[in-house]
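Both complexes shown next keep chain A, but they swap its partner, so chain B is in the first and chain C is in the second.
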Partner chain A sequence: MADLELKKITVTHKRVVAIKDASLRAQEGEIVGFIGADGAGKSSLMHAVAGVASFEGEVVFKGRTFRSPKEAEPLKPLIGLMPQGIGLVLYKNLTVDEHLTFFTKIRNIPESPSLREYRQRLLEMAGLSPFTDRPAGKLSGGMKQKLSLICTLIHRPKLLILDEPTTGVDPLSRLELWDILDEIRKSEGTIALVSTAYMEEAAKMDRVYLFDSGEIIASGTASELLEKVAEYSYEPTPCTTRRCITTMDYTYSIDPLDAPRKTPTLEALFFINALREGQQIPHIEISDRENKIAVPPVVMEAKGLTKRFGDFVADDHIDMQLRGGEILGLLGANGAGKTTFIKMLLGLYPIDEGELTLLGKPIKSAKERRELKASIGYVSQQFSLYKDMTVRENLHYFASMHALDIGKAQERISRYAKELGFEKYMDELPSDLPLGINQRFSVAAALLHEPVVLFLDEPTSGVDAIARSQFWQMITLLKKKWGISILITTHYMSEAEYCDRIVLLKEGKKVADDSVENLYKKFPKAKSFEEIFLHYYEDRI
Partner chain B sequence: MNSGVIAAYILKEFKELLRSRMIAIVYILPTMIIILFGYGIRMEVTHARTLIIDNDRSKISQDLTVRFQNSKYFDTKVVTGITLKEALESIKRAKTDILIIIPDRFEKELLKREKPEIAVFVDGAFPVRASTMENYVKGVIFDAASTILKEKPKNLVTINNRNLFNQPMRDEDAIVPGLIGLILLVAPAILSALLIVKEKEEGTIFNFYSSAVSRGEFILAKIVPVFILHSINIFILFLWATWLFEVPFRGSFTLYWLSSELYILTSIGIGLLVSVITRSQIVAIVLTIIITIIPGFLYSGMLMPISSMSGESKIEAHIYPVMYYNHIIYDTFLIGQGLDSPKNRLYLVILLFYALFMLLLGSRLVKKETG
Partner chain C sequence: MKIFLALITKELIGFFRSWGLVAVVLYSFTLDIYIAGAGIEMQAKNISVGYVDETGGGMSQKILSRLHMPEFQKPVMFNSREALSRSIYNRETMVGIIFESDFEKNLQKYKRAEINLLLDSISATQSFQALQYLQNILLEYADLKYPVKLKIHKLFNPNATTSQFMAMAEMLSVITLLGVILTAAVFVREKENGTWEIMLLTPVNPKLIILAKSFSQVIIVMAGVVMATGIVLFGAFDVPINGSLFAFFLLSFFYAFTSAGIGLFVAAVSKSMLQVAQLSILIMMPLIFLSGAWTPIHAMHPLLQDLSLISPLRYYIEGSESIFFRGTSFVDLWSYFAGVILLGSVLYFYGFRKIGRLF
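Showing the complex of A and B:
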């Protein structure tokens, strides 16, 4: 008999079915992966199993059955839930130590030497033992997630439910989170249900369930799933049939294609599923810019740029150059100073030290910066959209902020909507749309005034595989057709490979600045860019 | 109920309140309201700018104008040789509040018992203020008439007016106790709503949802800090009232304290109800303010006694707890009957039931699941 069994679980939110008839089984010590686009029903199923949302169907765990949150109550000492969102369950004014004490107390665990020992072990696994006095609000994203995880583990749950614990987390912290999880399930025999947006992680799990619009559509071990899609995956080739799509690294086609096959990753599941269902994946296009301009050879030059917050140095004398028409990837762990650096470039933070030259003009005063605003486009981590305005209204608002002529704005907005594939969502509110659509129309908003340089801060975090692939098509097309320069931050190391050049930050300092090929040459043993990244961060591997 | 769980939650609430500096609002807001409203609401009129045109310039007319000049209620300017039009223009331009015209032959007619007429014009832009000023003017003139004419008119009744409970007719005495009823309804409700809605908005509410912490434990942990913090406000507000505003206190302090505690619990219950239906802190604050400040002000008895209300307003006044609490509070400050009065006893019991009902309703509706 399975230790955990979900029988036909259906969760409904305000009469909208979030997940329908989901069933699964898991054994002690197994890690079960949930993958799928946002809104596919992963979180809803997790909430149901954790006993925090009403559902139909039944959950059998350790021989006990529950059908509602109320019936789940006696089982809660055995369950741990870490909901989606970085540091969501943390109180920003409480320290690391106070969090562990609070979670111990509300889980009603008596003080004992074994508890103290376990707690110390968790702190060390998370690498948080030097920071026990630091308030959670002052931890980096990766540390917050590690703290959330060990707080969820303090009562030794037998069923651990982790909702996207690694989204928006840097590769190093991701590995550390994974190590904690792996050790706990081995030593405690915990069943872990984990949803993730990183297919490299899904590949490490014992079983993977693929979610699509409220249903589980495939399940199996990673290799079983990969086997099913291997025959449809090819080296990138132009598509000739309708049931075919080409991404940055692959061509997926249901109809046989005269091209060499390529070993797929789990990401292939999303594309092939979309093709099978006959979903129209909008083709991304970019037409030439209306106002032709000459992009200067060096768009941005920073010399010794420094930013301090109190005695904490967020960026420490950073030199960087953004050349005309290049895509520059800015990488680094959470808290390495990437966002701070971009905010200095934009003038959102005053520069404490160093020189900044934008488009050939040294920036000293706010006035000089204002004159350049018309040449810069920016998309922030949270996309900065107005939630109570439709996509169309948002775009018109941004157009008028740039003092664009109404007729011209109208024309550009409808052209972008068509080319970037969000035409049919124009009259919906951003909060009702998938992240991928919001991301594309945020970029469209930043392109309305046809900038010369584009700053993008983690545009792909939490965005599903298909939308990410379309996003990169858009970015490469922008570079090709418009010849503009793009500075982008990301936590997907596979995306780093699409950049022309990489700058790696570590604790506020620049540790690498080179092209992707040169970096591979430097580390001939590295199988993926992630390994190169980790090389700089720690001497592991 | 597990005391260890509740204690851990309460400790966390206190730490958060202190570190987020929200504690300042808990104590600054009530004091701010009592000081702003306590000084700000003024029913009585002093220093009304008065223009007297004395066309008679006799002994009696001068005697009358001197009475105005000597009163703290009037800033009097006596002029002659100014036309009525000019004088009225001065009211129009808000330079003058009251215009009094004494006709020539005033003294002569008066001595001849010919009933002379004095013209009085009052700026009526604010009706309440205007009628107050009108009464003051009448008072001065009648008072003068009764002393100047040594022989009193036969049919003139002298009224020996004495205002009970608030003899000097001080505004502070009439308003400040009512303000306590307003503040202790608004402030605890806001804080208790915030403590729950903040967790909802930030997502930490999942710690309650996903653990075995019971609803009772959670609610108790949210109520206790608000109750303790605002209990201190009962004393602070008492000090402001008696020391800063010099309101007399004639009743029992125990009754004041006890009924205030019950009233705070009622307010916390309102906050719980707000937290059930709201998801964001800003909505919770606005909603709490709307449902507490308006009734807390209108039905406080500050502006209008409940007994003189009728129809819908009377029914509404009886629905809100403000009326019952304020009745007891005004009694403890100004009258001092205390529990000897059957009405006070009844109202205290009503407050008790109100508190229990609100808390019970609030805690019934708090759910332990998302959605």
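Showing the complex of A and C:
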């Protein structure tokens, strides 16, 4: 008998089904992974199992069954839940030590030598023992997550539920989080349910469940799953049949193709599932821009750009150059200073120190900026669109803000809608649409005035695999057809692959700035960008 | 101009799509004003009366028979003074009358007699109005040597109903409050949704954005004013219009900009809609108190009277009152227009500068 069994769990929020008929089994000491995009139903299922949300179906844990949060109450001392979001369970004015004491007390654990020993072990595993006096607010993102994890572990839960513990965390801390988890499940026999947005982490899980729009589409060990899709994965080749799709680095086809096979990643499962279901995956296209421009050789040059918030230095003397027609990837964990940097470039934050030259003009006053606004396109982190206006209304609004002629705007809008594949969503409200559609139409809004440079802040965060691949196709096409420069931030280290040049930020400092080829040359042993960046984090601690 | 129109259209679409906001505006401009007019009653009405009659009838019953609807309920008899006191204590009776046993005798013999009157004066206005009624009734029984009677000519508001004035004052307060909150909301909603930055990055002159956004809310407020005037003031309360309706709408238009100016200031310092609500109430309350909407200005402390000169609502209320009830001609309204426009431009300019600094 399984130690944990979920039977046909369905969670609905306001008549919208978040997850449907999810079943799974797990044994003591297993790590069960949930992989999928935002809104795929991972969190909803986790909340149901943790006994904090109502659901249909039943959960059997340690021989006891519950069907509602109320029935789960007696089992709560055995369950530990760490919700999504960095440092969400922490209090920024309490120190590391006070946190552990607080979580011990609210769990009503009596003081004992074995508790003290366990507590010390947790601190050491998390590498936090030198920082017990430091307030949580002054810890880095990775340290915060480690502290959250050991706080969740203090009552020795037998069922650990971690909702995206590694999202936005630097690669080294991510490895450390997995190490803690591995040790705990071995020594305590804990079942861990872990969700993640990073496919690479699947290798560390005993069993993987893939989530796609409210359903579990596949499950098994990582290697089992990869085996299943290996026969459909090819080196990129043009598609000839309908049940075929080509992404940045693969071609997936259900019908046999005359092309060399390529070892897939778990992402392949999402594409093949979509192909099997006969989903229409729109083909991304970009036609030439209407107004030809000469892109200057250096689009943006920052010298010693610095931003402080009180004592905290968000960006510390950063030099950066964005050349004409290149895709520059600004990488780093959450809190590394990526967004702050972009906001300084855009003039949304005043620059505390340093010089900035945009499109050959040194920027000093707000007035100089306004003249440049017409050449810049920007997509912010939350795809800021007006939620009470339809896609069409939004686009028309932005077009008139850029004083585009109505006829021309109309034509451009319908062309972008067709090329970027959101034509059929034109009269819907953004809040009713999948994140991937919102992402593409935000980019369309930023392209209406045909800018020379495009700033994109975390455009792929939380977006599903298919939409992400389409997004990168769109970006590369834009570079090719329009020749414009694109600065893009991301915390997915693997996306570095698609950029021309990479700048890596770590806690407000620039630690790497090189082209993709050079980085590969520098670290010939590294298998992926993940590993390359790991060097930068290990080196300078 | 095209951009200006696009901005306004966008705000209006946004307004009509948010049902909650539309409902609040509709409620405020109709039911809320109606309730204020119909519900706040200053006159004595439906007052409960209890009495103890130890005389055995006669004069006492004659007096009691004069207490009738709508001012008084039918007097209820109590057997003892204690029972009457208890009833007043329990808020069942508001006015208690005690005719002592020698009342009839004193009246006949000495032509002088006393009635004991117990008043629940918690709702002071109502109980003193009741007292006044009783005195008037007794006056008719008193045998005066030199009877002088008042012949009253009620001007401007012949029925002396308070509901008309209350409804109008409430409408003006609603205009103030909504003008502030709606204007602040269009900016703060952008801050909350994260569209603020996108707005900053459009190559449009910030001045134009601020002007268009606040103007769009002035349009909504003006639509509300027209609706409230037609449906509630004229429809439900038969408020007379002795002056020019156009003058009133023009004055309202200037005033709407005044409250939009306060709204701009609120928007500049608030980060969320909750802060907007709190701050608006905080700013609005003194403005409304000082305006004379609830207390006549001449009854205020002299210092407050001086302060009321800087409440733009004061000029607006006095101006509107003159238009509706007094029928003051357009030319003679200049002082009210001057007050509203002067204070309005100061407030609007200040708010404009304040929010402009965020761009």
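Details
Quick note on the criterion: the second predicted complex is superposed on the first by the 467 of 541 C-alpha atoms of A that agree within 3 Å, B and C clash if a C-alpha of one lies under 4 Å from a C-alpha of the other, contacts with A are read in each partner's own complex, and residues count from 1 in each chain.
Operating definition for what follows: contacts are C-beta pairs under 8 Å (C-beta built on N, C-alpha and C of every residue); 3 or more make two chains touch, one makes a residue touch a chain.
Quick caveat: nothing in here was measured; it's all calculated off a predicted structure.
In the superposition on chain A, A:Ile475 contacts neither chain B nor chain C. In the superposed model, A:Pro69 lies in contact with chain B only, and not with chain C.
Of the two partner chains, chain B is the only one touched by A:Leu81; chain C is not.
In the superposed model, A:His47 makes contact with chain B only, not with chain C. Within the superposed three-chain model, A:Ile106 lies in touch with chain B and out of touch with chain C [touch as defined at top]. With both structures placed on the common chain, the touch criterion links A:Ile191 to neither chain B nor chain C.
Those residues of chain A that touch chain C in the complex are listed here as 343, 346-348, 366, 370-371, 373-374, 376, 378, 380-382, 384-389, 393, 396-398, 400-403.
Taken in their complex, chain A has these residues touching chain B: 13-14, 47, 50-54, 69, 73-74, 76-77, 79-81, 83, 85, 88-91, 93-94, 98, 101-103, 105-108, 135, 155. Listing the residues of chain B that touch chain A in their complex gives 2, 4-5, 7-9, 11-12, 15-16, 19-20, 202-204, 206-207, 209-213, 368-371. Partner chain A is touched in their complex by these residues of chain C: 2-3, 6, 10, 13-14, 17-18, 193-198, 200-205, 359.
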